[in-house]
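Chain lettering (A, B and C) follows the sequence in which the chains are written, and residue indices restart at 1 in each chain.
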Amino acid sequence: MRLLMTPKARLRPLSVLAAAALAISGLAACGGSDSPSDAGSATSGTVNWWGWTPTDTATAQGYIAAFNKQYPDIKVNYKLVNISDWVAALRPALASGKGPDVFDMQPGAYVTQFKSFAVDQTALAEQALGSDWKSKVAPIGISGLTADGKLTALSVGAVYAGMLWINADIFAKYDLRPPTTLAEWKNACQVLQRNKVGCFVQGAAQQGFDQDTLQSIANSVQPGLWTKVSKGEAKWTDPGIVRTLGIWKDLFDSGIMQPGAIGYQQYPDANNDFLTGKYGMIMMGTWYTQYATTKAMTAALSAAGVRDAKPFPILPVAFPDVAGAGNTSAMYGDADFGLAISTKSKARAAAETFVKWMATSAEGQQVVADQLNDLPALTSVRPNFDNVELVDPARQKEPVQQLVTTAAGVTEPRMSLLNADVQNGILAAATSVATGKATPEEAAKTLQQAAEAAGVTFQ
Amino acid sequence: MTETSTRPRRVLPQRSSTKGGGGHSGRRGPRRPPGLPWILPALVLSVGLLYYGIGYTGYISTLDWDGISPDPEHVGARNYTRIFHDPVFWAAIRHTAVFFAVTFVVQTLLGLVLAVLMHSRLRLAALYKVVIFIPVVLAPAIMAPVFRHMFAPDGELNWVLHHIGLGSLAQPWIGQTSTALPVIMFITIWEWTGVTFVLYYAAMTQIEPSVLDAARIDGAGNIRLIVSVIWPQMRGTTVALAILGAIGALKTFDVPYLVTIGGPNYATEFLGTYIYRQTIPLNHVGYGAALSVILLAVALVVALILQFASRERGA
Amino acid sequence: MFEIRTRTARVLVQLVATILVIPFVFPLVVMVKGAFAGEGLGNFTAVLQVPGFARFFLNSIIIAVVVVALVYVVTMMAAFGFAKLHIRFREIYFWLLLACLTLPEVVLLAPLFATDIRLGLYDTYWAVVLPLAALQVPFAILLTRNFINSLPDELFEAARVDGANSFRGFIYLVVPLTRPIAAAVVIFTLVAAWNNYLFPLVFLQSPDLQTITLVPQYFVGQFSNDQTKILASAVITAIPEVVAYLSLQRLFERGLSAGAIK
């Protein structure tokens, strides 16, 4: 039995395809709008929460369980989406209206990207904390998450950077003190290298961590310059920045940065090396505080592949005054993440309850604080160190508590002022200087051009 | 296309009854049954589903857009002119070309030789076959840190070099612009030779043993056998692999992005990674779309060239 | 293929094969070493104990099987059509299909998402199965068309003379004779579907539809990275694929083609 195809029939499949394509193309991406949606009940319902942090589902389930003690009828589903896939996954989800009700929001580029999908939470903050709510939360959490006058998310906790962490055992073994100047740093490295121990390790292939190091160097050269340049009040070709890049290069030339640093990534490469005792120093932020505890460090050591892990005490140490100008290199930070509510959410009231609890209630913030990953947004809440088992309380308790207290007063922003293109340019400048492909002056000039091309206006 | 030597001569005159180029010249008889219904499912599935994607991409390549805001700016061909002046784009093209040339040659050689060896009487052939194939199955996302560790200054490769007396060769393989691209090529060859191997192995099952016997009676040694008898019969597979390899090289993203993030200093930037970088973290969705359109055009041109080049030699 | 008559020849062949294979083994050894580091077998139990693991495994199987079946049927039909049947504008259709191969997955996310919502497919297996199949089909057709081309025309003409139509020719000639390439297509499609990460991530919302490729995520975070468990999950994920490969090995042996021509 032969199938007969007439010429007309042959054209039909093509026209069907064309019609289908046209019909579907009417859907070309819809943006978000603040259309009123069915808010639902405030004490019951299902809330879908997407986040890259908490970085393991168990922690998130812990938060949710604590939340359910107060609000047992609201079911929260947490979906962990790795930060590297975040943008790719979230954009279509939010645009479709079938995405999450609550989603993590990070200051900086993500706020710009997703602000049109986030409900303004100023009213919610006032409702939760009163009209003077701004004085009750860490200021850094507000500015980073505000865009176009809209508070896109309520900060849950903040992270700060601009400090080093040292392996206290290694330093004790070789009778070293934490370096306070560049010369002392070089010296410490020489001692350690003589004894075949690594000195400082960094995943210099990655933008975020290189940016932290550069910002700390800049804060030592000229406090406040980095923020000024980020805002466009000064240019990237400023002599202070050129000097910063010069010191950055010195870190590589003098052997402080480990060989091959440019090809290394902070997680898991550098982190595992530090935790397994191969290096004495690493530059990490306040999120590293959790590894001061026995439980977390043992787990991290096991994750790094060490059998019968023996935890060692880590200590936070101020970034050395590498410029030698007598300035303390100040810390800086951003909200680690806030919780945003989708404009298209169908369970808005329940979502608000959840966000309020996590970000503004004493109970929720205490649970967050005790993880020692984020420092809580609510200024009245501090981590409960009585509940926490440090590896070596005698050596660690004071420095760690000091760190937490100092950090709470930090106002200098970390990433929130820089858009993605400028961040890309910073990485290019850092690697080209480190590999010797460009001098600090040339790199600064290229970076300035990149920033201008990205739309930053300079005075 | 592969031809066996037992095909009888044709008596009827040849008639090429298709329009639109190519086809096997002269092997078609006058009364072939219609084939359109057979290819319809494939067309509907692939073309139907994906052409909306292609059209959509073409459309947004004329925009200056971040993928979200409701008012994109229509800029016509500006994205394309910017691409031609973009040094990173040309670097990516260069890397892709070098990458394709090297990986294709090595993978073809390795795959072919291994396929021949596995068809011979060999102990533990099953084990070898599995070992060659396992890399195909392992996700690059998972192997990337393994390779970063292997190629690290204190990693396994340098350790081995030190222990076999080649310690002077030990270097930070990934942290140098000069050796980063070769590392990416090594990883890719490791990952994909299994595919070449499987395809050549399958194609070799079609070789008539009588042909091999005849050659051997004529006094051909093993090497001669490969070059003059086996290799020519693999032409169809080789062309298909070349096309797939070219397209794959243009699209390649996982390995260079995960192992070296396109660096250091764009030393391992490929068209695939550049598209991803522009589209996702940097939000230049229009620019990324324009790059994708160029990728599509280049891929088609290369595939066409490969197809026609092989035809000329074959006829 | 090689004639191995002397003992030296046998040893030489074995040696060459081994040397060629060593660079493949080396990274595998490093990887397995990493999977057993730290807690050793504990890593594997931790992976298996990820909540919902069995469900993820099942979902991956369902998706992979449907994709493979769909791709096999569509590819065989289309390759047969392209290779042995008469189609006007045949080469144009073929190149249309080939163009689909050039799209990076990431570019497809937004348009596919819009289509899924419109057709009500979001958060169903089909949202993942259809794009995966659509992306695999051109690749499979490219390979299979070659293979079918080299099957002698006389076979089909003989069958036609005997009164069989295209359909019977397909079932009784093409399907048995293309076993080796079909096995290759099945394997590659299976691997592509099993390993796919981006589509399940973006198009599947409910936890009980997630696939096994999302498991390593449980061990990676912004500030942490449990390599040992990730590698252990990679080993576990790879096992079904290797098993499939081994079971399809016998199809790579010479099929019935030797007998058919005579």
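Everything that follows uses one rule, which is that a contact is a pair of C-beta atoms (placed from the backbone, for glycine too) under 8 Å apart; a residue touches a chain by one contact, two chains touch by 3 or more.
Quantities reported herein were computed from a predicted structural model and do not represent experimental measurements.
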Category of the chain touch graph - line, ring, star, complete, other: complete
Top chain pair, ranked by number of contacting C-beta pairs: B-C
Centre distance in Å when subunit A and subunit B are each reduced to the mean of their C-alpha atoms: 37
Cα-centroid distance, subunit B relative to subunit C, in whole angstrom: 16
Residues of subunit C whose C-beta touches two or more other chains: 34, 88, 106, 110, 115, 165-166, 225, 227
Numbers and ranges of subunit B residues touching at least 2 other chains: 33-34, 36-37, 43, 47, 51-52, 56, 67, 145, 149, 280
Junction residues of subunit A - those touching two or more other chains: 2-3, 10, 24, 28-29, 88, 91, 95, 268
Complex contacts: residues of subunit C adjacent to subunit A: 34, 37-40, 51, 88, 106, 109-110, 113-115, 117-118, 122-123, 165-167, 198, 201-202, 205, 207, 217-229
List of subunit A residues in touch with subunit B within their complex: 2-5, 10, 13, 17, 20-21, 24-25, 28-33, 87-88, 91, 95, 109, 112-114, 116-117, 205-206, 258-265, 268-269, 278, 420-421, 424, 428, 431-432, 435, 437
List of subunit C residues in touch with subunit B within their complex: 1-4, 10, 13-14, 16-17, 20-21, 23-28, 30-31, 34, 70, 73-75, 77-78, 80-82, 84-93, 95-104, 106-108, 110-112, 115, 130-131, 133-135, 137-139, 141-143, 146-147, 149-150, 152-154, 157, 160, 165-166, 180-181, 183-184, 187-188, 191, 195, 197, 213, 216, 225, 227, 230-231, 233-234, 237-238, 241-242, 245-246, 249, 252-255, 257-258, 261
Parts of subunit B lying in touch with subunit C, wherever the complex brings them together: 1-4, 6-8, 17-24, 27-29, 32-39, 41-43, 45-47, 49-54, 56-57, 67, 110, 113-114, 116-123, 126, 128-139, 141-143, 145-147, 149-150, 156, 190, 193, 195, 198-199, 201-206, 208-209, 212, 216, 222, 225, 230, 236-237, 239-240, 243-244, 247, 250-251, 253, 272, 275-276, 279-280, 288-289, 292, 295-296, 299-300, 303-304
Interfacial residue positions of subunit B with respect to subunit A in the complex: 33-34, 36-37, 40, 43-44, 47-48, 51-52, 55-56, 59, 66-70, 145, 148-149, 151-154, 172-177, 180, 260-261, 263-266, 277, 280-283
